[in-house]
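Next come two complexes built around chain A: one with chain B, the other with chain C.
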Partner chain A sequence: MKIERNVLIAVVVVALLLGAVLRDQYVLHVAVMVLFYAVLASSLNLLVGYVGEFSLGHTAFLGMGAYTAALCATHFGWPMWLTLPAGGIVAGITGLVVGAITLRLQGPFFVIVTLAFAEVLRLTAMNWIALTNGPMGLAGIAQPAWLAGAGITEAKLFYYYVAVLLLAVTVYLSYRLVYSNAGRAAVAVRENRYVAQSIGIRPLTYALLALGLGAFLTGMAGGFYAHYISFVGPEVFGFPFMLSMIIMVLVGGKGTLLGPLLGALLVTFLEESLREAKELRLSIFGAAVMAVVLFMPRGLMGFLLRRREQRAEAVASIARPESVA
Partner chain B sequence: MQTLLQFVANGVVVGAFYALSALGLTLILGLMRVVNFAHGEFYMLGGILGWWTTSRLGLDFFSGLALVIVVMGAFGWLVDRLLIERVRDQGEEAGILLTIGLAIFLSNTALLTVGTTPLKVEGPMAPGAVFIAGAVVTKARIFAVLTCAVLMAASWLLINRTRLGAAMRATFQDPMAAQLAGIRASNIYACTFALGTVITATAGMLLASIYSAQVSIGGLVSLKAFVVVILGGMGSFAGAIVGGLLLGLTEALWGGYVASGWVDIIGFLLVIVILVFRPYGLFSRRSERA
Partner chain C sequence: MSFLEVRGMSKSFGGNHAVRDISFDVADGEIVGLIGPNGAGKTTCFNLITGFYAPDAGRVRFRDEDVTALKPYQMARKGIVRSFQKTNILKSLTVFENVLTGQYLAAKQPLWRTFFPGRSVVKAEADARERAEEIVRTMGLGARINAPASLLACGELRLLEVALALAARPAILMLDEPAAGLNSQEAKRFGDVLTTLPGGWVRSVLLVEHNMGLVMDVCDRVVVMNFGEKLAEGEPAHVQADPRVIEAYLGSGVTAAA
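Moving on, here comes the complex of A and B:
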């Protein structure tokens, strides 16, 4: 717990310090995307890793946040420090409503019903042209005024720091949730639903709490994405985003706070480096995903943790030779 | 009245394909509990292979179909033995991620091999149309729907009237007891997966003889098949058929009378409503929820 906290603080500090060094536009863009995905993966991990329900509808909250921020910025001219929380709050409320309906289901049913919700929202964004401008999307989302005078690198750097702030908020809130009574209750539900109920834990309450917080954080990330790219289309509800998120969580190691951050870093770098392979890119990516599932089922963090446990056992057996004999 | 009949006729044709592809999925998802996201890719492979055997190898439609069935059966068997088997007892997450990886791999590799052009499978029927009670239906469509019906009947007979089918039913009722009775469960799982793959691929080839086979179709087919399986109830044979026809008809009527842009949304709304009020589906006899 203490190690995890210190490593998380170290990650945020390193991210802050990197901002002072990075000047290349492409590298900055990749760094911003890593941070953005780290926020998404961490918030999804709250549900997948700690409550133990596999959601394929997290893009619903990403899209709600992105569209809310975009609409507030273009129609009411709200500044960025207002639109991001607004996106988060709308997404959080969506999360509570969707969760209240869907969290009563488990297993494959939950997977498919969450996917259905995301698809319904995507098709709505596609067809409700009066509000969302349909497949054309909302373009020209306002940037903060002072950025107009600054160069492209400065603008990217500004968004980099906003993303670091967002990640810090995400990590802090996740940490507080996971190491609170509510977080422990959620883990109890994950490990054994019936035992948890027998000692007075209501599964729905804690699952809703985790989903609501995850949706809020994802919505803020969505708002950030809308401003950063300055365009929002129905794709934000789409399956590719969902895919990246879920792969990051599982590759990094679900149920750990550090895993999704690691996963976001690894998968974004993998995707960027696979650009070299052009058409073969997705084939290699698909094969890599299968390989991870088959050979590293608990993700990278699970792999590392097991190595540590094994070493601890080895040390223990050397210290007590009589128990071996 | 005239247009209504036409919509119904179109709905039945599309519904028959939904039913057939959902039949494949109801074996894999309903009985084996693998949330198979590569389902649509199996469908797509059926269409592509069908095109390849009929126009590249120069086989006639039925020999081509037989070849597709053999190849896809072997493929499904291998996928289960090499991939699915290794994550069978790890909950649904591992299976989902594995099949998503497989789907990405298959669709992109198919894209590299045959490109994005829609590929037409030459059907065995001469072009032409017949009028049924005022609605125009091409002969190719009637043939495809009839083949769907034959295939459904054949799978029903396989599951309910053969030794293999009895072994399948036993395994999914109680794997342990089935193994004690001398059934090789891993074999049965692979057979079921292969059967589901074959049924789906056949649907893909048949539909390619009416419309065309496209590499990018997979994702949409998977989603529609999930919708139908949930509608009909997990693992329910009749449910998949009725659910498929229901979805096809509703979409055709909605698209005809209300708004064509919103057609795809119906299935998902239906899924949400069904899962909230009747989570075991419309037609499932067992009132189970996972």
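Moving on, here comes the complex of A and C:
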């Protein structure tokens, strides 16, 4: 618990310090994407890793956040520090409404319903042309005014710091949730629904809490994405984003706070370095995910934790004979 | 005034009457054993009382309040907490974390406090940790407090299960075959711990158990079930001598041969 907290703080501090060093536009862009994906993966992990329900519809919240922020910015001229929370809140409410209906289902049923929900939203965004401009998307989302005078590097740097802030908020809220009575209740639901109920936990409450918080954070990330790319189209609801999130959570290690951050870092770098491989990229990814699921079912963090446990056990088994005697 | 009162409870699955017209009481401070041959309906009875099944007929009253067919988590909030026949614990957590999680209701805080904890949360957490340690020690698991639950031996698992149920601060503790898989020495020790519970950690205990030695040692009263119906009720020694009970367990052939 202490170690995890210190490492999380270190991650945010290092991210802040990196901002003082990074000046290359391409590197900054990759860094922003790492942070963006770290927020997405962390928020998906709240549900997948701590409540144990697998959502394939997390892009629904990403899209809701992105479109909300884009519409608020273009129609009402809201500044970014308002559109991001607005995107988060709309996505969070969507999450609670969807969750109140779908979280009564478990396992594969829940997976299918969430997938369908994201797809319905994608089709809506495609076809409700009056609101969303259809497949053409919403372009020209306003940047903060002072950025117009600044250079491209400064603009990227600005978004980098916003992303660090977003990650800090995500890490703080996730940490608080996981190491609280509510977080323990969520884990109890994941581990054993019957035991959870027999000690007074209502499973739906904590599944909703994790989904609502995850949706809120994802929505903020969506709003951030809309401003950063300055464009939102129906593809924010699409499956590729979902795929990236899942791979990051699984590779990094679900059910740990550090895992998704590690996953986001690794997968984004891998994606960038495999650009030359083109079509082969997805196949390589597929193989990588299968390898992780088969050989490290708890992801990289799980693998590391396991090694620490094994060492502790070895120490304990040496100590035990004395305590028996 | 009766503490737990079960009246005319019935449940059938398809055409099979798993439980038929069962009535019994558990008084304050009592340890009551619910026994019977395999398939007699004891676990179904547990599931009906704790809300995991809804009864077809009958009422459950607890502390003069009708609690029939409440949801399991609502039952726990009323003070009715159970363990399960098949070992049910939170496997990937340590012994301590299991018992800490069990104190969910006691450590519960307003939702926003989760994200902005203040002094009250810090105190509730400290209390929960202290109490978790105390419960672990009471159940004799002190040496294994930081061991992952998945590494416990069978006997230790059963103790952890009771510890987890105790952590939820039950008024009545319902244990479904807690001594299954224990050797006679472990069962004896388990019985000793069990008899210390009423009046301290809990008010009453309702126990389903096949280990007759344990039942006879710890129970104040025994309810015997057979084929979903109540066969006999009374003090352990009295019930043990009841020819109908002997017949249910051993068959009538014994009497015929004698």
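Observations on the structure shown:
Throughout what follows, the second predicted complex is superposed on the first by the 314 of 325 C-alpha atoms of A that agree within 3 Å, B and C clash if a C-alpha of one lies under 4 Å from a C-alpha of the other, contacts with A are read in each partner's own complex, and residues count from 1 in each chain.
Note that in this section contacts are C-beta pairs under 8 Å (C-beta built on N, C-alpha and C of every residue); 3 or more make two chains touch, one makes a residue touch a chain.
Being a predicted model, the structure only gives us computed values, none of them experimental.
Once the complexes are laid over each other on chain A, chain B and chain C both fit without any clash. By the document's definition of touching, neither partner reaches A:215: not chain B, not chain C. Contact with neither chain B nor chain C is seen for A:39 once the two complexes are overlaid on the shared chain. Look at A:116: by the touch rule set out above, it reaches chain B but stays clear of chain C.
In the superposed model, A:141 lies in contact with neither chain B nor chain C. By the document's definition of touching, of the two partners only chain B reaches A:289; chain C does not. When the two structures are aligned on the shared chain, A:31 is found in touch with neither chain B nor chain C.
In the superposed model, A:267 makes contact with neither chain B nor chain C.
For the combined model, the angle formed at the CA centre of chain A by lines to the CA centres of chain B and chain C equals 80 degrees after rounding to the nearest 10.
Remark: least CA distance from chain B to chain C after fitting both complexes onto chain A is 13 Å. On the side of chain A, the complex with chain C involves touching residues 173, 176-177, 180-185, 187-188, 191-192, 194-203, 209, 309, 313, 316, 323.
Residue ranges on chain A touching chain B, taken from their complex, read 48, 54, 56, 101-102, 104-109, 111-113, 115-117, 119-120, 123-124, 126-127, 239, 243, 246-247, 250, 279-283, 285-290, 292-294, 297. Note for the complex: chain C touches chain A at residues 50, 52, 71-73, 76-77, 81-84, 88-93, 97, 100-102, 104-105, 107-109, 111, 114-117, 121, 124-125, 128, 143, 147-148, 151, 164-165, 167-168. Put simply, chain B touches chain A in their complex at residues 29, 33, 35, 83, 86-87, 90, 92-94, 96-98, 100-109, 111-112, 219, 223, 226-227, 230, 234, 259, 261-262, 264-265, 268-269, 271-272, 275-276, 279, 289-290.
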